[in-house]
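In what comes next, chain A is part of two complexes: it sits with chain B in the first one and with chain C in the second one.
Then we have the complex of A and B:
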């Protein structure tokens, strides 16, 4: 019995090894194709975003290929799973940089993964363009590290300006205890005095928290004009609903991570009039966004979320770089450095000298259970 | 393995290995380095789980404490890697002792739960103690180790460093577990009452196992910090603890070569299975389940029964 077991086990292992070899061998078939790496959390707790990344990036490649490719060559997206874990991300980065056919890498999702892998990409002089890593530290990660999402700092500063225009005097902050939430908190707090805003409370929560009644009761006493939510849509919807139950009447203002259909579904009428900024808003002034949303709907039969749009943009600018400057790692970087006013579904974008994106968000609000442009 | 020549052959082979691998690529060299890190982690956990029989689930916490200690010392104290390595080992060893003191009164499942809690607490401290750890933002820009003024930049240099650390870990743990201390640990593991009745006090030995295991996990952490040059809390999650425990059990508890084998298997398998895309982790899980059904004592575990504790063939014991 024992022998059978070990034989079985060894056969299984050997088979998977062989399969691995043949898969590697099969790679040569794709010879001639232009290969772009995509590092995303395909498995693990963030797999939903990995899926969005994959769909967005593959749609960009598909559109180019349907139009005849780049100089007749097809674009191929090579996907590797980083599980949203810095350990895995570093493995993936090493795999990409040693594969000479990979011209640039779209990824990673988490800021921690992007930061852990940045030294590898920069040492090997290959562009890493993150669709979603918004941590301020990514700015200084290296000259080959780019991103198409604005930093948390930018969003918070923008919101502070907008708060002033809206006439808010007393603002309470509720933020997620993460690099994201803390980054927003710091910048908003700093910008507040300049905009005549008094911060009356700053309360944190952990991602996944469900009960905000304690926090909201504290805030209710301060009677703020608005609550600034530095977190994601799930918690934002809960905060608005629980505040409504407590009889706390106030405005809400938040960052683009709140912008999701799920906010409307979860929040119901509690999120009515919530003010937020968004970069990807189909159906508005940005034609590219509308076009992308339609193409995505046709390809996957579902609505794209912000991350799919960002992944699409990141892949598109790399493709754009290859079109203009040729299939060369170094030249892709040079092109991105000079990219100016690129029109994509997340707005008109350029890169600054640190590889950070420069763009203007759309001001949105919720009316009758739907997002619309704030007038 | 048992013969001196065999051991030298393996060490010699490992030293020459990168020359072969470098012809292939940096990625494989990187995987070899990761195997080295996990080999140290599983060897150190084996002291706690395998030899002392303490079911601990928070090993990633020690790994993390080591990484953060080394990172902070190198960034703020601008100390050299070697000093940071020693400090990380000492600090984590101390934490092992601290955790050990209250939990040696617990056994089995209860111990598992408490160590699990410890792992979570440590991770939450990394996340929330923003002034020191910069919270979830992590600590970037950790300098690389340097030797005689030469800073490590190439993968091959890191490979030899981890190889030296693995050999050192193996040597020290091997000497300890094959000494009277190891024999006492095994006695305690098998039957605590019996151990006490023959004059072995369990508590000091369990504490020793905890601090020894923690200490080497700290070494691995310090190496990781210097190798990647960035540490963040999500590198030291509960899942990583489970992964290390799986290496120990898959390789065979109370077997040092087994721990290394476990590390090799569980680092290599997910990489080899990359071509499976979405099914990768599922297949790995399936392989582990099958493995546990057909070979519950791990790949190298059975060896343990063929030889007695001092590495002699069992027939010597039978007489």
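Then we have the complex of A and C:
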């Protein structure tokens, strides 16, 4: 009796396992979701940008799914954590390219990771579209590498022109020791002489550094008209605050990486009047930006930063490509090559022959603790 | 500029020293590097932030409560993650410590999110200028409070009975136990004091940089550990000296050579010191018990 019982039990178990298998298999066939990879620093020192990526990309997918998906199929964002580390990014890229269901990859966050993974994506002929890697080197990373952010070269040159208009003669640079920061430094330095700007100091820091008192004490001696912060908003807020504590009074300029509510929150009155280039500015003339900001607010109960907006745009153009050209890796690339004047929250964009975005920035400043168009 | 940089260096140096004390006290007794200590520092900072931001407590109360809560966390960590492994091979508690470190960072990310939080205090924004040096209020607080805490610890360890018992425990766990000292209590106490000091450092760093975030313990921990080794790990005055020295060297090196090489300079000094004095500046030679 006992024996029969155990045999029955094992048959039941086996049956349920088999049933489980077929149920899973069936499910996958039935919904056949359209899968887009998202490679983002979900953990590690850049985790907060990873979170912005995730929110932006998932919002784009959700909006399409709520509207019925693509030909009735849902869009699914498959997230892999690259920890913001180029080594880890390579592992992530290898995982994505070998998964045939992944049609394109949105990512990576930092330029170092994007550059490290570009050969893998290009060899396997799958689109890698970075929301945020702005290092000039990404231009030549391959024909499957796209980005929706302008190059640092473009932004730094634009900023040099603007610095001249603002009447700056002596500018100090504080830049991040990375492909990103060095890219900004090189271009700004080169553009400075023809704009009558003297670079009085160029000091670097490592991503994640918190103490800028040494650098700022050095810079204070040089009495610059402005400090160009070639880094991210967290460091920009720290720099402005620590400068205030050291009694250093100067202007600050920067690129779109500074655009975030966190800059205002962390920086307080120290970041007042900071001038920066922005592509994503809700509340201005760009209706898409305002709509996106509202949808984001509803979905996450917080204000989106630049990176959430870029991730949203990058995911949206991939979705557009699939809508128009079908769920095929190669055809997505073909579509992006011809994409022209796409209207999104970060402005009207097209891609040039290198996969670089072509768009016009806005000039922003901070007044009374809020971002405003600079006039 | 020299004096200003010296002040900047001292400020960060005493912070290193406070954190380094936690490493050194635990190492002194258990011969174990508590790699989770940097993250305990981070937790102290977050708890201080929590008490001030959500419970609207004044700064001094946030210091006291965060120090108390963080020392409790330190004691619990020792009880749960290290004590069961005390007789295991030395590498085992080390791995356990790394696990605790990852756990604490992930927990903080879950509880408070991955982003940086500003410290909600107007305190520390003002500045005092003496000659060519500008002190911010928070720098003054850091220097004064750290000095008081270190002096307090020194008096406790050298002048009280419990302090003497703690030193005895660090000399020899077995002999101290034979003398009737409850060594488990002493170990818990070392964790409690170390964690409380780290919590105070955490809050001060939070205000100084106006930034609190889950991964803040990583670099702070590495630097403080370096300071402890530089001063002679296991030695309390050594940790203080090592911290201050590291902070000052880092700042002056950054000022007169290049900020890019700040860490290179401090680690070069560390290597040189260790080559000349392998036990660190004030470290005593460890007598191997057979």
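Going forward, the second predicted complex is superposed on the first by the 333 of 375 C-alpha atoms of A that agree within 3 Å, B and C clash if a C-alpha of one lies under 4 Å from a C-alpha of the other, contacts with A are read in each partner's own complex, and residues count from 1 in each chain.
Just so we're on the same page, contacts are C-beta pairs under 8 Å (C-beta built on N, C-alpha and C of every residue); 3 or more make two chains touch, one makes a residue touch a chain.
Remember, predicted model here, so these are calculated numbers, not experimental data.
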### Message
Contacts for A:94 in the overlay, against chain B (first) and chain C (second): which applies, first, second, both or neither?
### Response
first
### Task
Scan A:43 for contacts with chain B and chain C and give back first, second, both or neither.
both
### Query
What's your read, chain B or chain C touching more residues of chain A?
B
### Task
Quick one: classify A:110 as touching chain B (first), chain C (second), both or neither.
first
### Query
Looking at the overlay, what does A:178 touch: chain B (first), chain C (second), both, or neither?
first
### Query
Of the partners chain B and chain C, which touch A:205 in the superposed model: first, second, both, neither?
second
### Query
Which partner does A:368 contact after superposing on A: first (chain B), second (chain C), both, neither?
neither
### Task
Check whether A:301 is in contact with chain B, with chain C, with both or with neither, and answer first, second, both or neither.
neither
#### Entry: chain A positions touched by chain B in one structure and by chain C in the second
43-44, 177
### Task
Would you mind writing out the residues of chain A in touch with chain B in their complex?
2, 4-6, 8-9, 12-13, 16-17, 19-20, 23-24, 42-44, 79-81, 83-88, 90-91, 94-95, 97-99, 110-112, 115-116, 118-119, 123, 135-137, 141, 177-180, 182-183
### Summary
So, in the complex, the side of chain A touching chain C is made of residues 43-45, 47-48, 50-51, 177, 203-206, 208-211, 213-215, 217-218, 221, 234, 237-238, 241-242, 244-247, 262, 265-266, 268
### Query
Considering the complex alone, what residue numbers of chain B touch chain A?
25-27, 30-31, 34, 127-128, 130, 135-138, 140, 153, 228-230, 232, 234-235, 237, 239-240, 269-275, 277-278, 280-281, 283, 287, 290-291, 293-295
### Query
For chain C, which residues count as touching chain A in their complex?
1, 4-5, 8-9, 11-12, 106, 109, 113-116, 118, 124-125, 127, 129, 134, 136, 138-139, 205, 209-211, 213-216, 218-219, 250-251, 254-255, 259-260, 262-263
